[in-house]
Amino acid sequence: MSKTGVWIVGARGNVATTAIVGARAIAHGEADTTGMVTAREPCSRLDLPSVERLIFGGHDIRRTSVLETARTLSENGIPSRETVDAVREDLEAVDERIEVGTAVNCGNAVTDLADETLREPSVEDVVEQIRSDYRSFARENDLDRIVVVNAASSEPPLSNPERYDTLSAFEGAMADDDSDLPASSLYAYAALVDGRPYVNFTPSTGSALGGLVELADKNGVPHMGRDAKTGETLVKSALAPMFASRNLRVRSWEGHNILGNADGEVLEDEENEAGKLETKGGVLEGILDGDFHNRVRIDYAPPLADWKTAWDDIRFDGFLGTRMKMQFTWEGSDSALAAPLVLDLVRLVAFADERGESGLQPQLASFFKQPLGVDEHDLSLQFDRLREYANSHTGE
Amino acid sequence: MSKTGVWIVGARGNVATTAIVGARAIAHGEADTTGMVTAREPCSRLDLPSVERLIFGGHDIRRTSVLETARTLSENGIPSRETVDAVREDLEAVDERIEVGTAVNCGNAVTDLADETLREPSVEDVVEQIRSDYRSFARENDLDRIVVVNAASSEPPLSNPERYDTLSAFEGAMADDDSDLPASSLYAYAALVDGRPYVNFTPSTGSALGGLVELADKNGVPHMGRDAKTGETLVKSALAPMFASRNLRVRSWEGHNILGNADGEVLEDEENEAGKLETKGGVLEGILDGDFHNRVRIDYAPPLADWKTAWDDIRFDGFLGTRMKMQFTWEGSDSALAAPLVLDLVRLVAFADERGESGLQPQLASFFKQPLGVDEHDLSLQFDRLREYANSHTGE
Amino acid sequence: MSKTGVWIVGARGNVATTAIVGARAIAHGEADTTGMVTAREPCSRLDLPSVERLIFGGHDIRRTSVLETARTLSENGIPSRETVDAVREDLEAVDERIEVGTAVNCGNAVTDLADETLREPSVEDVVEQIRSDYRSFARENDLDRIVVVNAASSEPPLSNPERYDTLSAFEGAMADDDSDLPASSLYAYAALVDGRPYVNFTPSTGSALGGLVELADKNGVPHMGRDAKTGETLVKSALAPMFASRNLRVRSWEGHNILGNADGEVLEDEENEAGKLETKGGVLEGILDGDFHNRVRIDYAPPLADWKTAWDDIRFDGFLGTRMKMQFTWEGSDSALAAPLVLDLVRLVAFADERGESGLQPQLASFFKQPLGVDEHDLSLQFDRLREYANSHTGE
Amino acid sequence: MSKTGVWIVGARGNVATTAIVGARAIAHGEADTTGMVTAREPCSRLDLPSVERLIFGGHDIRRTSVLETARTLSENGIPSRETVDAVREDLEAVDERIEVGTAVNCGNAVTDLADETLREPSVEDVVEQIRSDYRSFARENDLDRIVVVNAASSEPPLSNPERYDTLSAFEGAMADDDSDLPASSLYAYAALVDGRPYVNFTPSTGSALGGLVELADKNGVPHMGRDAKTGETLVKSALAPMFASRNLRVRSWEGHNILGNADGEVLEDEENEAGKLETKGGVLEGILDGDFHNRVRIDYAPPLADWKTAWDDIRFDGFLGTRMKMQFTWEGSDSALAAPLVLDLVRLVAFADERGESGLQPQLASFFKQPLGVDEHDLSLQFDRLREYANSHTGE
């Protein structure tokens, strides 16, 4: 396949760094592809861009290098010190390709992190600078295609998103220097306007606005989001269909998450947490009937570092009014769960783009907490859709 | 629809009693249909025999009445005392329709329970007696159709079941008074030979023998089994596909069950436990790739009574060799989980019979730990098959 | 022993009602004494007032009768319907002995509950009315002694409690009609000033003020508090000493509680929660060395009703920097855990009073989250102190 | 203090190796003393032999070197590779001081492990050889004292141990070349007969026989055992007193352990497991009143390696017959939990020996699942005894 670039917004963050380290470790034969959906049936049958040949760049607002992020992660075991050493030079090269981004409307928790942000005179100038960054990356690395992935910190939710429901409303707002436009949507606009595929890995707004969906359709460019489904919510989307299909009535589903990384620190800020809880909570509502107590908590516990523990307590009624329950704990490295999906999504969106498939990509629903344009939240059925997609492309 | 009888082998056991109490409580407006798959989309659209009009009878080998079983269960809260009182007379009437059964090859744990068993001179005479019991039940209650359901205690596994791979081998063995033929298969034969639909709710052999599959096909009668999927295994079949689809490598899945009812007491006997563990273990192997440590324990803890607690510990590897884990506990009333499925299966098999659908019924795979003739173990995909079946019958 | 009355502030609440139902059920031979510390070694050797002969009365601010509270509790199984029926008349008699109380400084969550509260012109008049209520209860029931127990909803914490550090400061504030004095301390003052023993079962201020400690000493009356240790905190005080004595370094102890009763609803209010979290958090600090992440969450989940589930996640370091962990869940009926302790404390404080033991009662430390005047938080060592106390009174 | 040698039976096992690595890492400043009881109040006030100066030797029956064991452990993270590298030479030196031991009556699981065992003509010759090994170790390393610690694989339980209730019975059996005498008791005899302090870290018989207790008293030598209390049982001894003191009636306590190390493999053998379960089960019986279901399971799950997960499920009744429950999981590195206790016990037994304190050492009860000569199983009270002991030696 053609030469593919990956532009990550939030390139020095944990998810981005782990994805980059992983791709390069695979290239050097230092890691295998466990955890990558595309490395296994049915996607392994597709002619996807190879992981080994992906070229990485991106935006960030902190100066910490990707290598430093990798070393900090390594103190908690993932990636191992050996792996980081093996890809050290590659990481240094990626760092050269990281530009300063914008943090407009990202909330205080994020601006507190920032060492430097784009300070152009107007929204339009900011967008112009981002487009130029994408362009230079593509040109300097001789890329046939770049996929833009948003893996930056979660933004606070945007109020009244329907005001940007049409492309003309969105572009009008840009022209008016509307101070409410969130950074994630500016990055998305800058990609889609030049026909660059876009993936929103986060709960931030990104390309979910009506106006940007319209733009992607108009320009014939594939995009998808929102908020990758990695831990507790992934489990919910596997488990909840069981209660529904057995007609067991869930009365309370309480989820409590503790995590200790920077993402946890940002989410500790109530503003930013709001966005996350919105995308997490919806999965159950989309699967289960009736009313029930549904709460998700996220607590920041520094000693856990990048390890996230979710504890869920589920109460349900069965036959003859029997009260029963299920509880689970899930303990994973947040970044190790998320990173391979970044690579998967890049490969699958690049594949779609190559084949001229544009607009939202419903076959990718299984990757997201809030799959744009898709109502199905049952993980197996979502994944079945990916299977059908792969089959249709391999003539099975 | 036509008048349907339900003949339960093991009619005085917990599962049978709870199913009977539940059906009658629904008939009296004392309970709703929570927990019944057929009471909800997609099956609720089918023209199934009504729960309220089902007539119950069966075989057992203990003299304890159904009412006594119900009262004992009630001490642990399910069904409530009020519910038992409301259906008392109905239960007494059912007891009149329970006949003495055979316990041949059921293991010592079962024969220790028996107050009385069929003691006919030969296997053929035993089968003749069972056929005659079915016939009288149908005639005396003026039934259009009876469905035979095996809900008796688990038998020890049958060695070399392939020796009964053809109908002629099976019938030859009966003629030779073969002392290895298990009770469950005699009950199944007696049903199928007279065109009566059959469901095997247990891990026992039942209609799984090649010879009986042949008989069902020949006589155009629907049947299905084996071992209803209610608790831990149900959860496994919902969860394991998540690991598979995400290419997360499971290294160890250890399940520990504690339960305090008679089923637990019989399973405490290693002979009988063997059969159960066989059907439970296979689900994971059918879903997950590769080798992994896979163990299921069942411990008998009397103070838990009919409440079963499962604890599962799952270790898996993700991206960059990250070791992660998930644990869950599941606490349910075993009988309350199983009983509504008895009613569901009776209704769905009667429906199939009415429409002339014969042989194994793959649309029912989601109900079983070891769905005969079906390789798919992913609960959602199994259930999707039931949805497609319902759609095909309602023209959607 | 002499005739003992129990005056409960919050008499129509869950804890009070369960204590009253339990005492009366024991009197009628309908319940045993499981869960009562005083029914077992070492306290069973003491000559305590008998449970059967305790007379109950109290204050409340809601009109719901004790019987209604008992019936609502009964819907969740504890106490059983049979038990409530057996003590119905006794509960009706108790209701006759419940007077309207004050809700001053109890926060909005409490005042929203109130049907009626004392509306005397001044603080001193309120106290006068409370003293008169206590007096009438004693006289009309011909009691030798009454013990006042605070089991009312938790108040928000009092700011700058040190301003009431002396009796004269406290009485001066009363004379000045100080609008900050919390209800719980007015109830406590009214008891102690007339030599009536007092127990603070809640996290509210009660008798913890320096001025009231002085009053109790001056009047030679025993009192103790604060916040009964029933669930998660009880477990903490049993477990944490293990980490300390083994020199295992706890790095994070995160506790998450879900509960569905009225107490949970009041605690959902952040104001009132603050008081509770303060008394809960301190136990660990009192046992473990060093700094660690220590957080307690309380979430209101109505479907759980009176059942509280605590989930605790503990991370600790061991030899050679090994990171290890422990998790527990605790599921109990909040009221069933608390109620017997009300009876225990009444009996033990009455015993002390009879023997002229006055002031704080350190032998009762094991009952409280924040034992006034005691630094020891290790449950076993606290209980050992009760054992020594009993021994000293029985000559062992 | 004087120069102390540590002779470990099972010196190439996980516990021994981790203890040795730890002591040497502390000596090199590569590790701190977290997890060592003697490094903290109250024992830190005692004048104990310093960890840095302990000299190690021992018996084993496998040829794998201590360094190899350390490297295998290191693959699961404990000790770290850096730590092993830092003490590599020290470990090689220890290996020079390891002699071939006897495996008589250790069961097949152990003899299957053995590369080489003592094959002397008679029991007395075996004992003679062991005494000579101890002697050479002391002489060659110029030691003032050696403490013998049994950390070898668990033996199957000895039947009718009362036949060795006197020293003359034991010595008579040796003289008769009694083929039932277990290896652990031969090692213990060889120590005690020459006045060498002895610690039995395992569930094997060791010095628990009446005849050996007599010998220790006669020779004025301190000894203690049996089966170090590290994980699940440690937690039980902290938690169970809570139920007892609150008069909560435990009805079922089911413990399920999964572990993946060699100890697990040996315990998988039912013969050897029997011994372990015996010492584990007794703790609860020693603390809780009444009858209850009490079961402990140990399952071997290789992927867990040296990490042990215990899951305990506890059901108890409270006030008014309320059924409640607690569950916990405990996840620790078995060896990291055990190893520091080896060092603690050596230091404390050497201290006692130096002060002429002989026979069983009840102040060490908190270290053992089955503390010889002590009935108290409450961890806090056991530890309080150690505190009193320390106080008595420091004049507090």
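The first chain written gets the first letter, and so on, giving A, B, C and D; residue counts start at 1 in each chain.
Keep in mind that, in the parts below, a contact is a pair of C-beta atoms (placed from the backbone, for glycine too) under 8 Å apart; a residue touches a chain by one contact, two chains touch by 3 or more.
Only a predicted model underlies this, so the values are computations on that prediction, with no experimental measurement involved.
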item: Contact-graph separation of chain B and chain C, given in steps at minimum; value: 2
item: Interface residue overlap between copies chain A and chain B, same or different (over half shared); value: same
item: Separation of chain B from chain D, taking each centre as the mean of its C-alpha atoms, in whole Å; value: 49
item: Euclidean distance of C-alpha centroids - chain A vs chain D, Å; value: 51
item: Separation of mean Cα positions, chain B and chain A [Å, integer]; value: 43
item: Interface hub residues of chain C, defined as touching at least two other chains; value: 77, 327, 329
item: Chain contact graph, described as a line, ring, star, complete graph or other shape; value: ring
item: Every chain pair meeting the contact rule; value: A-B, A-C, B-D, C-D
item: In the complex, chain C residues that touch chain A; value: 251-252, 254, 256, 258, 292-293, 295, 297, 299, 301-304, 309, 311, 313, 315, 327, 329
item: Partner chain D, residues of chain C touching it in the complex; value: 18, 21-22, 25, 31, 33-37, 39-40, 77-80, 83, 234-235, 238-239, 241-242, 245-249, 289, 317-322, 324-333, 336-337, 339-340, 366, 378-381, 383-384
